[in-house]
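Next come two complexes built around chain A: one with chain B, the other with chain C.
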Partner chain A sequence: MLKTIKEIFRTGDATVKYPFAPIERPPYARGKPEHDVAACIACAACAVACPPNAIQMKVDPKGGTITWSINYGRCVFCGRCEEVCPTKAIKLSEEFELAVMDKNDLEETCTYPLQRCSECGTYFASAKEVDYAVRILRQGEDDDEKQRAAASATICPKCKQKADAYRAKRRSALMGVQQ
Partner chain B sequence: MIIDHKVPERLQFQLDQKTLDESVTKAKLALLNDIKRSVYLYRCDLGGCNGCEIEIFASITPVFDVERFGIKNTPSPRHADIMVYTGAVTRAMRMPGIRAYEGAPDPKLIVAYGACGCTGGIFHDNYCVWGGADKLFPVDVYIPGCPPSPAQTIYGFAMALGLLGQKLHHTDIVEEPGVQAPLAYEDIPYKVRVTLERDARLYSGYCYGADLSDEFMKTIEAGSTNVMASVNELIARQQDPRKAEVFSKLRDDLVKMTVSSEQEAKDLKNALELIVASNRNVAAAQAAGELPNGSSEKLAATLQIPDELKAGIAGQAVESEGK
Partner chain C sequence: MTKSKKNVKRVGETHVNAAKERFPGAITDVFWAAEEQPVLTVNADSAPDVIEYLYYERGGWMPVMVGNDERSLAGVYALYYILSMEEEDPCYLMVRVEVPADTCEFYAVSPKVPAAVWSEREVQDMFGLHATGIIDNRNLVLPDDWPQGLYPLRKDTMDYRFRPEPTRDVENYEFLKDTGGHHTTTLPMGPMHMTSDEPGHFRLYVDGEDIIDADYRMFFVHRGMEKCAESRMNYDTVPFLAERICGICGFAHSTAYVETIEQAQGIEVPLRAQYIRSIILETERLHSHLLNLGLVCHYSGFDTGFQHYFRVREKSMDLAEMLTGARKTYGINLIGGVRRDILAEQKTATLKYIEDLRSEVNNLVEELLSTANFINRAAGVGILDPKIARDYSPVGPTVRGSGFARDARWVHPFDGYKYIADKHKPITQDTNDVKGRTLVRVGETLDSMDIIQELLQAELPDGPVLNDKATVQPHRYAVSATEAPRGEDLHWSMIGDNQKCYRWRAKASTYSNWPVLRYMFRGNTISDAALIVGSIDPCYSCTERMTIVDVKKNKQQVVTKQQLEDYCRTRTHSPLDM
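Coming up: the complex of A and B.
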């Protein structure tokens, strides 16, 4: 009897105090993905990588916006979004208390403006993404090709294709004159 | 990327969702507000992977011990106060789920457990999945997670019993046009930055590699006067030999990319030898009358030789011709 009581005192209390005291989380424990609205460029890399489609992007071509959304109820906390994010805007935090009473509370959305094409005026990509790409291309590089790419960043792919076609036509016409 | 099922609603099978009578709703609210007894929990798996079951049983172990709140697992829905539905609701498990629901006495709390139980999770667009317990039953608490850890489980049950409040809320943020995303490590050339990050990810995995390259580039930025010294100091500071190895590999990359004076001299010497050899060939060709005069200048221009070197090349060429 005395031996048992001694053993009980020796082992102590194994039960954690949670929820009355905060619980210790190991480093790199994967919790709620925190989205940094300012750092996000709405490039949709996370939406492509997300295995259960918890992160989705919706484009509104009339309103000129792109909406990033996450459903924490569908998230499997794999961290792929964190891995692929080019600006490190999404990071799996220590937060794990995600239970809700209303399903609507599991969703989070963030809307970003789209960039208009400088030639035809249609929306074609996230404005922040274009701006970010231009700033990276201009950064200390005097590579001629890169500067040209930066200058033509606000032109949509269709207009670029058209311009290329016209240039090819002009070139072939010139060649014909020479012949 | 954008999943939109374009099948019209009249062609989809519509589940008849269970609804609650007014008296049952009232009784349930009373139960939610003020439970003064132990609650019995019945766990119903509607086509999950058993990860959620393992976590539920982990939470009744001595470490997490939900039984201290009076929550007890029961083998029959007839004794249950809380019904815990795990797993994406599959076509085959719909009827057993409804039978368990009908078997439990009113008022009962319904908990959708895990990513699958909440929304269908990773199986949400599977052909045989209805997607979430809320398609069938009036759910009170959603506990997301894949699987939810015991701490998350305790939090969810505590919320169901009214001990804790809800933390997560729906947010809609609209960003104004003209906001710029910050550029990280602007002082480091783009090519160096990309190479360091790519190599760090190659050496130690995608997630940790990014962390290590971040630490490395922060050190580079901080040691703007003597980069190599601060990088060496970073490597010496590491307790973990794996981290030290990755950092020293990154330092080698950095040395390769930033040309030191020795390296520069070596490269110039190599270039010079090449040019001298080609000059000799050109001179030989000129002597034989195969090339017009002045082509050696053109060659030098195409090779982009710095001006101060040209004199040296000419001198060497003369020397070699003299020999």
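Coming up: the complex of A and C.
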């Protein structure tokens, strides 16, 4: 009994002033994911990795846009999005006080334009993603290859397939002539 | 046993050979699902005998049985009785029984090995496979108003989002009572309180103050996680779902899940990651045991102690947050390793935390054990007879308090525990009562701190903590267990050919402990009930609502959690006005 009372005096107050005073979180604590609008290329890697589907992508094929959205109400703060992002456009911040008065405020969205195919004119991928691919392709060594790759970057997979098929047909026809 | 050691090539082979010798012709196929996990396919009619033999004569325990709809793979349903062989040649052994898709019937194992009863009831509910001769034929998981013939885990029955219309309004669940001839009537009460986060319905059959028998019903909030994982999640995102099975031992669940995949696919986990997993598991054990010890103080009327345990527990939460980035749901497990390394400064800080914790915990334990109240309340209460324990395979401090040295960390060492297994052994008590279980927790709390220190101070090779170069093949399966604070968490998984789990079975530790609670209640008084439930360390709101039936006067009354707790502490002013 006496020991318990001594212990009470020794330890004093265990509580902290939070929420009336700010509380310190350790470094690397995982909080709200912050989206860098400029760095994001709308490639959807985060949407694929997100376990609770808090991050989703929605394509509007008529309007030619792709919309990235996050719902902080679903987010489990695992940080997989940060890990898989190729351009470091998502970073987990230290902010953890996310309560809102209106549920709709939990959702954030960002809309990006889609790229039209330079052959058939349909939208096929995020414009910034195509641009990102071109920039990577330009870093190659072979100048010829670089140019060809960059030139074909704006062609949709369907048209590429078609072009490949025609080329193959032409080649086999040519070979037939030679024989 | 004249066989020379030379002939024994694989882990578990002694059991396989012994079973083959004892039951010629019963075992149709043997293979190893993972390095140390033999699978025996057994004829349906000899399965109960084979399992009884392995269980009682070769030192087996049964954590769970897994049902699987393998009609698209093998044309049959399959049941995997998982046996944890804990005497010589320790391993996890699976007995596979095929159930024909047309009859959907199999011979129940539970009359011979009662530990199988919950799993068999669950398979009846979820797959519609009928266990002939089962000792308890009631629903386990499905609610009373569930449509007949709709079996959620069959592959062709329902989408995971489907919510069938309730089919009836009346409760048709019969509560068991074995009251020695007294006639009782039972009124339907409950079944649950809307505000409680984890409801369960208890019925105590009492004679005055003494509990004659008890029964209870769970699964009011079955979340359908396994179905969700099979249909919606990818197999590599399931660790984050597994972590949310339990708010306390989440990391133990996610570790168990990722290790089923690693075992089945032969994925090598970097040494550093193995150590980190063990360190985090022990951190989790620290905060859970400190919580339970605090609750024991609370229920024996020593609330100052409760507050102090919670003050000290906060340090272990801070430790977890520093190491993983979150107080709970650490989220650092991935298939193939972990996502966060422990850096040099974190190592120093952890050792400092452990030093602080050790002196604080030593103080508190001394205080608790010198409180006369605690010994009075806990000694001789809630006896778990070792014979009952042997039949039902309970886990964790519940079984260790009855003298059995069952601890997945040291019986089937995994992760970092492999490298220190020779220095530790399961902590047991043989008083079989609430006091014994509490002392096991006290011992383990202190042991946990030793383990963290040993693992941190080991010379660890530098290098990556994640092996993400693995390839996976569909339809391989394995079992994996971790020792959570309340006992063994066991997972079984099989990956399908669509990047999803074909079947994932997660067994939480308390699943194994509920079936023995009935026997622990018997012979105690109502004021002990809360203490007994607390001693298996479930989530406490399970006692939210309790119906008490006086077997002599044939009367019923509902006691609230608050009344019961108060009575447990003060032991005066009985809530019963019978």
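Just so we're on the same page, the second predicted complex is superposed on the first by the 162 of 179 C-alpha atoms of A that agree within 3 Å, B and C clash if a C-alpha of one lies under 4 Å from a C-alpha of the other, contacts with A are read in each partner's own complex, and residues count from 1 in each chain.
What we mean here is this: a contact is a pair of C-beta atoms (placed from the backbone, for glycine too) under 8 Å apart; a residue touches a chain by one contact, two chains touch by 3 or more.
Being a predicted model, the structure only gives us computed values, none of them experimental.
**Q** Tell me the contact category for A:Ile90 with respect to chain B and chain C: first, second, both or neither.
**A** Neither partner.
**Q** According to the contact criterion defined above, which of chain B and chain C contacts more residues of chain A?
**A** B
**Q** Kindly classify A:Lys3 by the partners it touches after superposition: chain B alone (first), chain C alone (second), both, or neither?
**A** A:Lys3 sits against chain C, while chain B stays out of touch.
**Q** Contact-wise, after the overlay, does A:Thr11 reach chain B, chain C, both or neither (first, second, both, neither)?
**A** Only chain C is touched by A:Thr11; chain B is not.
**Q** Check the residue A:Pro52 against both partner chains and state whether it touches chain B (first), chain C (second), both, or neither.
**A** both
**Q** Does the superposition put A:Val76 against chain B (first), chain C (second), both, or neither?
**A** After superposition on chain A, A:Val76 lies in contact with both partners, chain B and chain C.
**Q** Pick one for A:Asn104: touches chain B only (first), chain C only (second), both, or neither.
**A** First partner only.
**Q** What is the shared patch of chain A, the residues that chain B and chain C both contact?
**A** Touching chain B in the first complex and chain C in the second, residues 14, 28, 51-52, 76-79, 83 of chain A appear in both lists.
**Q** Applying the document's contact rule, which stretches of chain C touch chain A when the two form their complex?
**A** 233, 237, 240-241, 244, 304-305, 308, 311, 314, 318, 321-322, 325-326, 329, 331, 339-340, 363, 366-367, 370
**Q** Spell out the part of chain A that touches chain B in their complex, as residue ranges.
**A** Checking each residue of chain A against chain B gives 14-16, 18-19, 23, 28, 32, 37-41, 44, 47-48, 51-53, 56-59, 65, 71-79, 82-83, 87-89, 95-101, 103-113, 127-128, 131-132, 135-136, 139-141.
**Q** Residues of chain A touching chain C in their complex?
**A** So the residues of chain A touching chain C come out as 3-4, 7-8, 11, 14, 25-26, 28-30, 49-52, 76-80, 83.
**Q** Of all residues in chain B, which touch chain A in the complex?
**A** For this pair, the touching residues of chain B are 1-3, 62-65, 68, 115, 118-122, 124-125, 132, 134, 139-146, 149, 151-152, 154-156, 158-159, 163-164, 166-177, 179-184, 186, 189-190, 206-207, 210, 214.
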